[in-house]
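Mind having a look at this structure? Questions to follow.
Chain naming follows the written order as A, B, C, D and E, and within any one chain the residues start at number 1.
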Amino acid sequence: MMRTKLSWPSVAGVALLLVAPAVVYPVLVMKVLCFALFACAFNLLLGFTGLLSFGHAAFLGTAAYLTGHALKVWEVPTLVGLILGTVGAAALGWVIGSLAIRRQGIYFAMVTLALAQLVFFVLMQAPFTHGDDGLQGVPRGTLFGIDLTNDYALYYLVVALFVGAFWLIRRTIDSPFGQILKAIRENEPRVVSLGYDVARYKLIAFVLSAALAGLAGATKTLVFNFATLGDAHWHMSGEVVLMTLLGGMGTVFGPVVGAALIVTLQNELAVVAGSLVTVIMGAIFVVCVLAFRRGIVGEGIALYRRMIGEKVG
Amino acid sequence: MSPTEYLRVSDLHAFYGESHILHGIDFTVRRGECVTLLGRNGAGRTTTLRAIMGLTGKRTGSIMLNGREAINLPPHRITQLGVGYCPEERGIYAGLSTEENLLLPPVVGSGGMSVDEIYAMFPNLWERRHSQGTKLSGGEQQMLALARILRTGARLLLLDEISEGLAPVIVQKLADVIRELKQRDYTVLLVEQNFRFAAPLADRMLVVEHGQIVAEIAQHELRQRKDMLQELLGV
Amino acid sequence: MQGQPLPGDAHDPPPILETRGLVKEFRGFIAVNGVDLTVRRGHIHALIGPNGAGKTTCFNLLTKFLEPTRGTIRFKGEDITRAAPQAVARRGMVRSFQISSVFPHLSVRDNVRVALQRELGTSFHFWKSGRTLDSLDARAMELLESVGLEKFATMVAVELPYGRKRALELATTLALDPELMLLDEPTQGMGHEDVDRVMELIKQVSANRTILMVEHNMKVVAGICDRITVLARGAVLAEGDYATVSANPAVIEAYMGAESEDLFGEEPTQATSTRVPATEVVS
Amino acid sequence: QQKISDDVVKVGVLTDMSGIYSDFTGTASAIAAQMAVEDFSKDATVHGKKIEVVSADHQNKADIGAERARAWFDRDKVDVIVELVNTSVALAVMDVAAQKNKLALVSGAASLPITNERCNANTVHWVYDSYGLASGTAKAVVGSGKKNWFFIAADYAAGAAMTNDASRVVTANGGKVVGVAKHPFPTADFSSFLLTAQSSKADVIALANGGQDTITAIKQAAEFGITGSKQTIVPIVLFINDVHALGLKTAQGLTLTEGFYWNRDAKTRAWARRFFEKTKKMPSMAQAGVYSSTLNFLKAVEKTGTDDAATVMKYLKSNEIDDGLFKGKIRADGKFAHDMLLLEVKKPAESTEPWDYYHVRGIIPAEDAALPLSESRCSLVKR
Amino acid sequence: MTEIFGVPLQALMGQLVLGLVNGSFYAVLSLGLAVIFGMLNIINFTHGALYMMGAMFTWMLLEYTGVGYWWSLLLAPVGVGLIGILIERVLLRHVYKLDHLYGLLLTFGLALMIEGLFRHLYGAAGQPYAVPSQLTGALDLGFMFLPKYRAWVIVASLAVCLFTWYMIEKTRLGAYLRAATENAKLTQALGINVPLMVLLTYGFSVGLAGLAGVLAAPTTQVGPLMGSNLLIVVFAVVVIGGMGSILGSVVTGLGLGLVEGLTKVFYAEAASTVVFIAMAIVLMFRPAGLFGREK
C-alpha cells in the first residue's frame, strides 16, 4: 500500500523542510506550503472521492479574511484566529457541500463554481474586507510566548501545521472512512447496495477538504499579514486544480509538487514573461490534460512500478 | 471467394469491457439467402450482429462485406456498404416522432421501399405516425425498427429477435415480409429465439453456443437433426 | 395470465419477503405490472422470464434502487416500500448486479473488506488508522476461500477473469451475512465449469439464508431452486416448483418455447417479449 | 555619513503587465523609469555607482507582489520600488519596504489609506488618490454651478469612500446629492442605473467606480443619449488611456481630474513626445509619476550621497519638487501634494492630433486635492 | 402614477425590458452550452472566450478591413465557428473517451490562453465599437426610451433562439442531432456520420457564442475580459434550466434576465448574486433543474 511504499519520501520531505530556510526564503517556502496544503485538501476531494470542486477558492478566501479580521480587529490570540478561519471554512463547506452533492460530475463542478462566485461577491461587498485594498496589516501575534513576527519562528509553526494537516490527509485516505471513499469513487451503486449512506460520506469528505483549504488560507494570512480578494477569486479555484493536475491527482505527494512548481513558476514568470503569464498557465493546463494526465508524481510512480515490473492499476 | 457470397465472417472475436463474448465466429451468407442464428440466451448472437456493425468493444478477425473488409470501418461506413441493422432493443428514439424515426436513416442504396409502401405494409405506423416514438406499443416499435431499414435500400439486413413481443398475426406478417424480401433478393441474417418463426424462413441455421458456431443445419436437414437441436437449444 | 401464489400449507416456511400489486412505470411504459411475489424463508427462489420481462426492474424495486410507482413491499413483516436503499441493505436484504459489479482498482481482499467494515461502525472515523481494519482480514480470507478466491486475495479486482469477478461479488455480498440475498443472473457470461462452481456455491451459502435470483440458465434453475416465479411482460405468469412451472403451457409458450414438445408444429405461437436487455438498462 | 549600499542603486518597477491596469501602467512604466535614469545621467551612474532598473509583473496578486519586493530588497539589492498599481499590492509592498527599511514610491494605486491609516515613513504617494480626485473634482464642478449630484457607485469599499468624500464636498459647497445608485462590481450592464440617474434630473452624474465599470458606464451613457445632454458625466477615476479606448465620439464632454496631462505645456509635451517614441502611446499620469518619482529619488541620492531610505526620504520631504511634470511638496504623511488638472474631454472635431483629448478647464490647488492633515489618521502626522 | 412597492410602474417596466436584453444574451449563450453538452457531454468553458472573440473579430473587421456591423454579424460568427471546429478537431477529440471532467479542464485551460493572448495583443481596456448608424437613437415605449439597438438585440437573439429551436426540433438535420444525442452508437449504426455531426454542432454552437459577441460589441467595451465573468452566470443559468430542452435554456435565460432586472429595482447590490441564489434554491427543490431530466 501507499503507506509502506511512500513513507521514506515523507521523512525526507520533513527533513528537507527543517533545513530549508538555511538556503531558501522562509517566506517563499511558507507560501509554497500554504498552497501545497490547499492543493492537498483539494486533492482529497478530486483525487480520492472523484468530486471536482471548481470553487475551492471560496474556502481559502473566507478563512483568510476570517482569521485576518479576528487577529486584527478582535485581537484574538493567533491560535484562536487560525481555528476560527478553519472552522468558518468548514461551516461554509457544509453549506456549499450539502447543496452541491445533489448533482454529479460536471454539474457538481458548475454548482461549486457558481456558489463560490456568490461567496466572492459577498466578500467583495462586505465592508470588513476593505474591497480592493484588501485586509492589510494583520498582526502575526505570538504563540506560547514565541514572537511570530520573526519569519523563522513562524516558519516552524507553518511547517508544523502543514505536516500535521498533511498527516491527517494521508491518515484520512488510509482510514476506514478513506476506504469507503475509494469504493464510492470506484463503484457508487455497489457501495449503496452494501448499505452505506453515500451522500453523507461525500459531504464529510467535502467539509474536511473545505476545512483544510481554510487552514491553508488562514495560515497564508498569517504569513503575509494580509488577505485579499485574489484569494477568493475563481482564478484561484482554477489554479488549485492546475496544481493538483500538474502534480498528479490521486497521488499523495502530487499536489505538493504541483503547488511548489506553480508558485515558483508564477514568481519567476513575474520577471521574465511580461504579459503572457495567463497564456502560459493555460498552456500548461491543456498539455496536462492532453499528454500528461497522471501528472508528474503519477508518471513517476507509474515509471517506478514499471521498472520493478509491477502492473499499474 | 465465390461471387454470390455476400458476407463472410471469419475468426471474429468480440469483447464487452473485459468480458470476452465471441470466441472466433466463422460463417458466410450468400446473396439472397436467409440465415438464422439460433442459440440460448446469452449465447452471443446479438453480440455477433453488434460486432458486425462495429458496436461492441474491441473486436478482431475479418468481416468481408461483398468483397470489402469492414472490420476496421466505423459503423456509419459499414451501413453505407448497404447494411441495415434492426437492434434487439429496437432503439426507437424518444425524442423523435414515429415518422421522424422512420425517415431517420439516410438512404444507402437504390431499391428501398417507398414510405407509402411501408405505410401500406404497416397500417398502424400510418395511424400513429405523429406520436412520439417510444409511445408506440412494443409491437409497433418493433415494426418501426424494421420498417426504417427497409426504406434505406440496404441489401443486407441484420435482424435481431424481430418476432419477439409481437402478436401472432404480426409475427405471421413479418414472416411474409421476410419472404417478400427474399423474393426481392435481399440478404437476411436473422437472430431468433422463436424457433417456430425462424424454421420455415431460414435456408440455413447456425447454432451459437458460448460465442462460437457449434452447428450448421440446412433447411432440408431439419427433421433428421431434430434431437440434436433439442440437445443444443433445450436444457 | 395472473398466476396464483399457492396457498401456503402447514409445512411451508413463513414468508420473508412479500410484494403486493407492485407496479413500475417508466415514462408511460409499464415495466413491472402488479407483481405479487412471496419469497419464503430458507428457499432458493428463482425469478425467470424472457428478456425485458421486468426481472431486473423487480430487483431494483425490492432493493429500492427504483421507487415503485404503486404497490407495497414487506420485508420480515415490516413495510419497506418507502425505505432508502442503504437502509434496506442494513436490514439484511443485499443484492448483486447483473453486470459484474466489483471495485475494480481495489485488491480482491479490500473488495470484501469494504463490505465487512460496516459492522465495525467506524466507517466515518477518518482519523482512525487503516490498520484497525486488519482485524477483518481473517474473516475476509474465509469468505474468499468459500468462493475459491483465496489465491487471488492480493490481486487487483480488474485483473480477475469475468467468472471470478462474479464469485468475488458473491463473496462481498456474503460478507454482509444477509438474511435475504438477491442475485441477478449470477451465472451470466460464465463457461460451464464456472456455472457449476457458482451453482455449488449458491447451494452451500443458502444453508441458513434465503436467496432470490434471476437466472436464464434452466440447468441452474432446475438444479437448485425450490421455487420459481415466471415473469412475462412485467406480470407473474406462473409460480411453483420446477416441475410445475416447466409443465405449464403458458410458460412453455412465453419462455421455454423453443424446447417445447411440438417443436415443429406449424402454427406460430405466442412469442416471448424482449426489450432492452437489462445489461443496458440498469446502471 | 553612509555610502551607497552594496555599490549599486537599483530601481524596481513593480507593476501590472498582464492585467486590467496594464494599459496605463505596465511595461511602459518600466520604460518611463529607464528614461528617468537616462535623463538623470548619461552613463547611468550616481557618485560613480551604477544605476539599474529592474521590473516585474505582480499579476495583481498581493502575495506575488510582496514576494517579489522581499526578493528584490534582500537578494537583488533594490533600493526603491516604484509604480505599484493595484492598491492591495501597493499596501502590501509598502509594509515590506518599511520592514526592510527601503522606499516605496506609489504612483499607480489610488487608495487613500496609503497615506492615511496605513501610511508609513518609507512611502510616498506620488500622483493622485481617490480622495483627491473625488473631493477635488467635486469642489471644482460644484463651483462651476452644477449643484445637483447623482452618484453611480460601485458597491464596495472604494466606491463608498469616493461617494462619501465627494458628497461631503458637494454639500459643503452648497450643492446637493439627489441620489446614489449602488451597483455590484463588476457590472456589465449599467443601463438601469443610468436610467435612474437620467430621470433624477441631476446636473451631474458622478461615476464612483473604476476601470472596466467606469468605461462600460460611460459607453452605455452615450448609448442612452446622456452624453451631450445637459447632464454632465463625471467619472471620478479615469485615465487618458481609457478616453483613448472609448474614443472621443463616446467620451466627449466628460469632466474629470488627472494629475498630469501630456499636452499641458511645452515641457510636458517635449517629454511626452519622447515617451511616445518609445511606447507608441502618450503617458498616463501614472507613467509620468513613475518617471518623476524615479528622477527625484536619484536626485535625492545624489544630493545626500547615500541611498539610505531615511536620509533620502528626509531630503525628499524637506525640498520642493519641480521636475516639469509635477510641482509641489511631499507632506509628512507621504502624500505628494501638487496641483491637479480639471479636464474636459474634447469633441472629436476639436481634437487636432492623436491623443489630443482634453481641454484644461482649471487647476485644482494642491490643498483641495489632498486630505487635510487635520483630518489625517496617519501616525506620522503629529498634532 | 401607479406604484409597486414604492417603485413607479414606469421604472419597473423599464427595468424589465432592460432585464430582457441581458436575458437574451444569457439565452443565446446557454443555448449553445446546452447543445454542446447534449452532443459532446462537455461543459464548454471556452464559451466565454469565444463570445469575446466574436466581439473582437467584429472590431477587427472594422478596424483593419473596414467591414461594418452588418457584415460582421455574419462573418464574425462564422470565423468563431471555424475556430471552434479547429478546437474540436485538434483538442476535444482526444477527451471524449475520458471522464468528462477532462473536457472541462481542457476547455478551461484553452479559455485562459485565448483571453491572455487577446489581452496581450490588444490591451485590457478594450476597444470602442459604435452602434451602427441605422440603430442609433431610441424608441419611445411610452414608459421608457429604449435605445433602438437594445430593441434590436432582443429581436435578433430571440430570432436566433427560434431559428435554432426550429432547426433542432423541426428539420431532418435536427432529427439526426436529437437521435445522436439520445443514442450516438445506434445512430451511427443507422448510417449517420455522427463524428461529423459532432464537429458541426460544436462549430455551430460556438458560432452562437460568437454571434452573441457581435451583438454585445456596441453595448459594452470590446475587451478580453468581457467573457469570463458572464460565463459563470451562464453556468448558473444552465444549472437552473437543467440542460433539459432547448426551449428550457432559452426560457431560463430570459427569465433570469428579468429576475436580475427586478433585483436592480428593489435591491441593486444583490443584482450580481441573485442568479446564484436562485440557483441554490432551485438545487434544493429540483436538483435536476427546472427543465432537466437526470442525465
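The definition used in the following text is that a contact is a pair of C-beta atoms (placed from the backbone, for glycine too) under 8 Å apart; a residue touches a chain by one contact, two chains touch by 3 or more.
Note that this is a predicted model, so its numbers are computed, not measured.
Engineer: Strictly by the touch rule at the top, which chains does chain B share as contacts with chain D?
Structural biologist: Chains that touch both chain B and chain D, as defined above, are E.
Engineer: If you tally the C-beta contacts for B-E and for A-C, which one comes out higher?
Structural biologist: A-C
Engineer: Between chain A and chain C, tell me the centre distance in angstrom, where each centre is the average of that chain's C-alpha atoms.
Structural biologist: 44
Engineer: Distance-wise, how many Å sit between the C-alpha centres of chain A and chain D, to the nearest whole number?
Structural biologist: Comparing mean C-alpha positions, chain D is 36 Å from chain A.
Engineer: Touching at least two other chains at once: which residues of chain B meet that condition?
Structural biologist: Correct list: 94.
Engineer: Using the touch rule from the top of the page, what residues of chain D touch 2 or more other chains?
Structural biologist: 18, 22, 155, 184-185
Engineer: Would you give the residues of chain E that are in contact with at least 2 other chains, written as numbers and ranges?
Structural biologist: Correct list: 116, 119-120, 269, 272-273.
Engineer: Flag every residue of chain E that touches chain B in the complex, lowest number first.
Structural biologist: Touching chain B from chain E are residues 172, 175-176, 178-179, 181-183, 185-195.
Engineer: Which part of chain C faces chain A closely enough to touch in the complex?
Structural biologist: 63, 65, 84-87, 89-90, 94-97, 101-106, 110, 113-115, 117-118, 120, 122-130, 132-133, 156, 158-159, 172, 176, 283
Engineer: Could you pull out which chain A residues touch chain D in their complex?
Structural biologist: 25, 27-28, 31, 121, 124-125, 127, 129-134, 136-137, 220, 224-226, 228-230, 266-267, 269-271, 273-278
Engineer: Going by the contact rule set out above, which residues of chain E touch chain D in the complex?
Structural biologist: Going through chain E, the ones touching chain D are 11, 14-15, 18, 21-22, 116, 119-120, 123-128, 130-131, 137-138, 144-145, 147, 149-150, 218-221, 223, 225-226, 229-230, 261, 264-265, 268-273.
Engineer: Any idea which chain A residues touch chain C in the complex?
Structural biologist: 1, 3, 168, 171-172, 174-180, 182-183, 186-187, 189-198, 200-201, 204, 208, 311, 313
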